[in-house]
Amino acid sequence: MARRRATDSKRARSRGGPDSFETLRSALRQFATERDWDQFHLPKNLAIALSVEVAELLEHFQWMPDRESAALPPGKRAEVREELADVLLYLIRLADKLDIDLVSAAADKMVINSKKYPVHKARGTSRKYTDL
Amino acid sequence: MARRRATDSKRARSRGGPDSFETLRSALRQFATERDWDQFHLPKNLAIALSVEVAELLEHFQWMPDRESAALPPGKRAEVREELADVLLYLIRLADKLDIDLVSAAADKMVINSKKYPVHKARGTSRKYTDL
Amino acid sequence: MARRRATDSKRARSRGGPDSFETLRSALRQFATERDWDQFHLPKNLAIALSVEVAELLEHFQWMPDRESAALPPGKRAEVREELADVLLYLIRLADKLDIDLVSAAADKMVINSKKYPVHKARGTSRKYTDL
Amino acid sequence: MARRRATDSKRARSRGGPDSFETLRSALRQFATERDWDQFHLPKNLAIALSVEVAELLEHFQWMPDRESAALPPGKRAEVREELADVLLYLIRLADKLDIDLVSAAADKMVINSKKYPVHKARGTSRKYTDL
């Protein structure tokens, strides 16, 4: 059994290794286990944490004119990059604690969105699907 | 050159295809282009949209006792799965518009976090690193 | 006309002065004018700022068990008090820029809520009105 | 002492009745009591609810250019008015459950803000006080 896993693992690596999501999910699990943080990582708490990180991201755009946000100066961009990372890490951790596969959830949602926003109706408008 | 790319691409596929992030990023780009939505997808607006989606996720936990959030009933879980997908999709889209590589940003942040929260100090406590 | 207003105003003062909302609204206006901040105080930006302040408030409850949140230690309570103030100040400022009377809006909403959540249906349940 | 309070209270009423905050706070208390909702109204839950309402407010500005947000069309304005009311009601309720006086907290914060942002430094800039 252990032997079989080793072989699978070797094959995986020769195919380019596991997906980035899987790599981050495992790293976050180990990070939490080492610190005995599973006791705090209840989905309700992680959803709050995610929301706090998104606000830290949003804060960078608070007084910025719309257009300027498309071309951030390097210092600001580095800060935003770090906030984006925080959001992703909590998102992956939350999905893991709920045993939800983020990638397949996102793929399913893309299909739903393409039905909610058919090209001929949604083209060039920012209206919500309920108002199309 | 074109020939070389084709070969690389073929090899990529034989190694299991592109990473999920890359796949979703491309799909979202195409989705926006087809609908002429790039005009709305300014980072400031996408950060707002991300924040709105996270709140829709959080709403599911609003009146729920902490512990119950660890074992959602199937109907609730399906709704939460869809909200998680929305968050991921806006996050990937926002990172793409800022030309930021989410996966490397997250990997870098894991390194920072492991310094901020060394195991011997952070073990078993939910205190912020500034209070460790 | 000016004379009549002066009289009304004098009467208001003799009745104990303006309402707290009115006092804060005026103080915030003056604060912004003195700093030439009206150029930044577009409703979209103020709504973002409000959202950032609410997240700073929420952060205090991030890893806290539900029940503990009902009895904050004094230091934490003082921090939370300051965040609540920030939320109120941005809320009043945003309403002012939109020329919306918060107090009458809240009174109207109380009437709507009492219809959405009639006592005999809503008693003892946290379900949303759409699920009652 | 009790006699004196009664007199003050009577004077308050003859001066135009209680403050709007006090009126709303009492109305919200009664609303919750009638529905047996105090069991759900833990500060952590109310802070989440507040955050969800602010996001519903923010959603109205999601794809709206900055400048347009200063002049909302009537239908949109009515929706925004209702969201502002929701935010205020949860804010007052949360402060009440924490036994915090919102008005004095806001007045104290105005003093802090005028020190953080002295006119000669803050005039015409949207920089955070830490960067002034």
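Per-chain residue numbering starts at 1, and chain names A, B, C and D are given in the order in which the chains are listed.
One rule holds for everything that comes next: a contact is a pair of C-beta atoms (placed from the backbone, for glycine too) under 8 Å apart; a residue touches a chain by one contact, two chains touch by 3 or more.
The model shown is predicted, which means the values in this text are computed figures rather than measured ones.
Asks: Count the C-beta contact pairs for B-D and for C-D, then tell me which is higher.
Replies: The greater number of contacts lies at C-D.
Asks: How big is the gap, in whole Å, between where the Cα atoms of chain B centre and where those of chain D centre?
Replies: Roughly 32 Å, centre to centre.
Asks: What whole-Å value do you get for the distance between chain C and chain D if each is reduced to the mean of its CA atoms?
Replies: Centres of chain C and chain D (C-alpha means) sit 2 Å apart.
Asks: Indicate the residues of chain B shared as contacts by at least two other chains.
Replies: Where chain B meets two or more other chains at a single residue, that happens at 40, 45, 48, 51, 54-55, 58, 61-63, 66, 126.
Asks: Touch graph of the chains shown: is it line, ring, star, complete or other?
Replies: complete
Asks: Once bound in the complex, which stretches of chain B touch chain A?
Replies: 12, 15-16, 19-21, 24, 27-28, 31, 34-37, 39-40, 42-45, 47-48, 50-51, 54-55, 57-58, 60-61, 64, 66-67, 69-70, 72, 77, 80-82, 84-89, 91, 94-95, 97-98, 100, 102-103, 105-110, 112-114, 117, 119, 122-124, 126
Asks: Using the touch definition up top, name the residues of chain D that touch chain B in the complex.
Replies: 40, 45, 48-49, 51-52, 54-56, 58-59, 61-63
Asks: Provide the residue numbers of chain D that touch chain A in the complex, in ascending order.
Replies: Those in contact with chain A are residues 48, 51, 62-63, 65-66, 126.
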